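Listed next: structures, encoded as structure tokens.
Next come two complexes, and both contain subunit A; in the first it sits with subunit B, in the second with subunit C.
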Partner chain A sequence: MTEHAPPVPVVGMRPRNRNVRKDLRLVARNVAAIALTLPFLYPFYFLVITAFKSNQGYAENQLGLPHPFVFTQFSSAWDSGSLGRALLNSTIAAGIGALVAIVLSAPAADWCARTRSKTKSIVLGTVACIWMIPMIIWIIPMFVELSRAHLTNNLLVLGFIYGVTNTPLGLYLLYAYLADAVPGEIREAAIVAGAKPRHIFFMISLPISLPVLVTIAVLAFVWSWGDVLIAAVLLQSQQDWTVTLSATSFVSRYGVSIQQEAAAAIISMLPMVVIFAIGQRGIVKGLTVGSGK
Partner chain B sequence: MSVTAAPGRTGGELWGRVRARTQPVLAALPYVAPLIVAAALVVLAPALWGLSRSVFNWQPGSASPYVGFDNFRLLADSTTFRTILVNEGVYLLGLPIWTILPLLISVFLFTRVRFAGLIRTLIFLPAVVSPALLGIMFTPILAPSGLVNTTLRSAGAGGLAHAWVDDPSLVKPTIIVLLAWANVGLGVAIFTAALTSIQPEFLDAAAVSGATSWQRIRYVILPGIRRTLILWMTFQALGVFLWLFGLIFALTAGGPGNSSTSIDYDIFTNTITNGIFGVGAAESVYLLGMVIAIAVIAWVIGRQWSHD
Partner chain C sequence: MVAVSLEAVSKVYPNGFHAVDNVDLEVAEGEFMVLVGPSGCGKTTLLRMVAGLEEISSGTLRIGSRVANDVPPGRRDIAMVFQSYALFPHMTVAQNIGFPLKLRRVPKAELDTKVRDAAKILGLTEWLSRKPGQLSGGQRQRVAMGRAIVREPTVFLMDEPLSNLDAKLRVQMRAEVSRIQRRLGVATLYVTHDQTEALTMGNRVAVLRAGVLQQCDKPQVLYDRPSNLFVAAFIGSPEMNLYEAALGEGASSLRLGSQELALPSSLLVTRPSLASYAGRSVVVGMRPEHLPAATSDIPGAVLKGDVTLSEGLGSQLLVHFTIDAPRVQSEDVRAAEEEQLSASEVASFGDSIALVDARVPITTGARASFAVDAERLHFFDPATGAAIS
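The block that comes next holds the complex of A and B.
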């Protein structure tokens, strides 16, 4: 990224021409690269400007900046879509999901990184099934069982299921990291010094993998926040709906204006976009670990 | 004395051997058991139990008699189910777009572009949005007087304005383009990681020997990222059967008619909305079969490519 054109020779027209042409091509490439981002950003920009427009403001000027700058679209989406309560429900369920994913997967990842036993592949394989079996196949029978036990419409249950759904992510990311970060010699040295596996887990593995744990928590939270399938199956009563459910129901309601739809979309996406904007670097790195091998 | 001592000693040995065998297992249990039990309880057991219900007229809460393969036959004869299979096939046609677009962009950004990192980050933004939130977000954008149509009209191309998701012939192509838009960022991130692993000498050698861009892509880059490419295409193909629910649920509700319904969305409506759980279970069996078929096809193609 620090490439500069070589110094232009003082004499001689032909090399100079060639350099100018090369520079022009470079400029064209960079302009094209920047233009490339526009189609990806424009829809987000449209949502933001539209959500701040009054109904008449949108009718008169659909693509420009909002002229009377209004907040009423947000407040009416918030109230009639009951998005406030839904945001709270989403936070509870996704928060439990992140916590459960880590609590379940961290010890197993530590064991997989430490053991030489062949049973490791059984553990990894069983957990991989969570990913390989289509979600709709297990969530419907799960719903039947849960409703028999009167456990539907329950955010704790929803959060726990979110957590289990995200354990493969936690297990594989952490296992890959620990196998690298805590080499066998360190473990053996600790065992010689009298440490038990649980000491190694709590005092070496967990502290050393804190950045990975944060990545897992963020990804599990964001995944749970964006889910609609498990929530739509398990949550029948409207007061328990997560924000994806409430916003979906709101935007598909008849007679809701485009500005209100944009406001509801922003409210439901904002927490996620903010989290990702903060943690983007680490997350992309974490996601692409090993994919280049 | 020695006679009575002997069984004691072998007993002790046996006990020692049992302990040597079980001790590692017992030591592993607190670490592994919670995860395995949770996975079995939440995913494996319900999946197996649900799939086995496909040969019953499954109605939770009331008698569910055995009906043999009636549910499967019902689906095979149903025009709705056939429409859904056609829909899934049409969605699969997006595969070349979903692969070539991120591939070209990642190759383009990989070679001498300023701010390539920032551009990759900006393109990644849509990948943050889950399918359901994507559907919510694009409801106002694809609406008759939404972003796409007003942009077309203000550019003097009002004739191109359409009811994108309310037109049975346009809704599937619209969804394919939408998914391309959403997935490009992730694809670029993954392909870039793969490109970094190609030996720079190969690219340099190609440049020195005067290879055109196309030759560079065909003979250096594609073989270099073959494995990543196969994995990406497999996930995209599986995604058509696994991850469409959120988008369909939030954007089209399967409509107009059944013209955008995916198989997971149809299982949802059959069971949760209409209460015919047996048919839903049979449909789940079909779904699992299709997912396995795609995985096997991908595996075979992957093996052939690596023998090239």
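The block that comes next holds the complex of A and C.
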């Protein structure tokens, strides 16, 4: 009996051509991606090079690399803007904001995920409508009411407002996640085992939704950190200013020192860059969980 | 002692749909009761009413000796196993099993002992620190059983717990669930649409159709003496052959199309009501496995048919054949057939089916004879569908 050798795959021009085409496609895709990021990167580039320039260096060359390379703008900005104090204020207000957003949205999302009541769609619809109202519409009446109650210049109140502002986002993110991650049968299994709604919330819903809770906290914190409008309306006393408020007011207070302004902006955004750099994967995961199997 | 009793229990939805209609059922202590029926027959709704996950529209539910209609699920002294297992994904196997005890604030040492005991019974000891996502389907199913066992309830409720497993594992787990239930001696109400599960596992089987209890008895009784056409067509695989026929005078013969079968006088002793149907039309049922190939052509004792197809099953031959008597096409039979056909499409080929010894020579296209044992015939009233006994 003769044995036939198995057919040998023919390596010819075709597969190689295919590889080259694949590589070209990859290069084209990367070039396009980089081109898309340029408009976003340019302000950042400008900010960084400006912060490291001396006053004269900036006057001579606005768009080129710093020459000489100076760090003094940072120390001046830190001292004149009381940025240390401002960073602490921001941390307090944004931290409270993140906490309040979680505390308010988590039980509401859990209720929405478990209830069969028609009230749910009314609640979700109302929250969505309120969420869509531009901040500028409610900020002045709120200021009037708060100043009547002597609650302006108060970081706790500012944090609470940040939290409430971010609650709709938290509610929707968490509701979408819980509806998928804690299906009816899991709740029913817990109910049959003797669990009350509070047990289900604390022992099942909260631990299961930890990645989404972290995402909500981070998003609320970052949003609150970046806010200028609410802080500017509610905080008149300079010692209560948040870091973004301090950083944006260099121009008006000390004439135009664009380099100090840039240095203050970098200081104010550094904590956020660090948070995103560390938690990027977790934040994206938290945003996309529940959107597919 | 009765573990669960349902008295005239009904479930009516706001749109007027009767999901469960006036059901009376008792599950004795230690009994394995299976609720079976086609999809949408109300069996799961009934189970959920016992669990307290659905409100009871009318009637009385007793668990143990107390009326449980308004008792919250957690206080009903029941444990439930769900179709999807419903395990808590963030908890370990041990935490899942111990969950009901933790809610009851059982001391840690006692909780650990009970969890370990349950895990031992279920062969889960080495998986106690794993999370459900790291387990196979069969293991998850056992964890769900474990969570039910640790509660030491009055009754286990199981909602198609094996339907997510593959065929081989399902057979294994079927035996295991039965073994565990017998060992623990806890009354069990088990829902399935699979009649093999129902017949093999249940001490008694309750057949439901459109929310109405059709018959509740031991599996052998359901098979031997179905109370109506629906149960006759639903229980048994391949399903019973049902024909429109006419009883002769004195119920001594049965006309089946152009053929006439002789009926012994002893039949009237075992089924006295048959006498009142003499000279009238009836529905006659023959189970495929009770139609062996005839060895001799004794007139009146064989049924002849034209073979349209024969399928070898190894030990037996599934013979599809046609006779000139009309098949019964009542709504009862169609409802049962729909469910059967989804499981095996045997009935779609020919009008009738016989299960004969594989060594009997049967030729497709030829005429074949099948021996009829009159004592194993089933008779039904054509108007009501009720069995004639």
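Please note the rule applied: the second predicted complex is superposed on the first by the 204 of 293 C-alpha atoms of A that agree within 3 Å, B and C clash if a C-alpha of one lies under 4 Å from a C-alpha of the other, contacts with A are read in each partner's own complex, and residues count from 1 in each chain.
As a working rule, contacts are C-beta pairs under 8 Å (C-beta built on N, C-alpha and C of every residue); 3 or more make two chains touch, one makes a residue touch a chain.
Please read these numbers as outputs of a predicted model, since none were measured by experiment.
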When the two structures are overlaid on chain A, which partner does A:I133 contact: first (subunit B), second (subunit C), both, or neither?
first
Check the contacts made with subunit A and report whether subunit B or subunit C touches more of its residues.
B
A:S147 in the overlay: touching subunit B, subunit C, both, or neither? Say first, second, both or neither.
first
Which partner chains sit in contact with A:S237 here, subunit B, subunit C, both or neither? Use first/second/both/neither.
neither
Go through subunit A and flag every residue that touches subunit B in one model and subunit C in the other.
none
Seen from subunit B, its contact residues with subunit A in the complex are 24-25, 27-28, 30-32, 34-36, 38-40, 42-44, 46-47, 49-51, 53, 60, 105, 108-109, 112-117, 119, 121-126, 128-133, 135-141, 143, 145-147, 150-151, 154, 181, 184-186, 189-190, 193-194, 196-197, 228, 231, 241-242, 245-246, 249-250, 253, 264, 267-268, 271-272, 277, 280-281, 284, 287-288, 291
If we count contacts the way the header does, which residues on subunit C are in touch with subunit A in the complex?
51-53, 73-75, 78-80, 82-84, 86-90, 99-100, 103-104, 147, 151, 157
The residues of subunit A that touch subunit B in their complex are 1, 3, 26, 29-30, 32-34, 36-37, 39-44, 46-47, 50, 62-63, 103-105, 107-108, 110-111, 115, 117, 119, 123, 126-127, 129-130, 132-145, 147-148, 160-161, 164-165, 167, 171, 197, 201, 222-223, 225-229, 232-233, 244, 247-248, 251-252, 258-259, 261-262, 264-265, 268-269, 272-273, 276, 280, 284, 287-288, 291-293
In their shared complex, subunit C is touched by residues of subunit A numbered 181, 183, 185-186, 188-196, 199, 203-204, 207-208
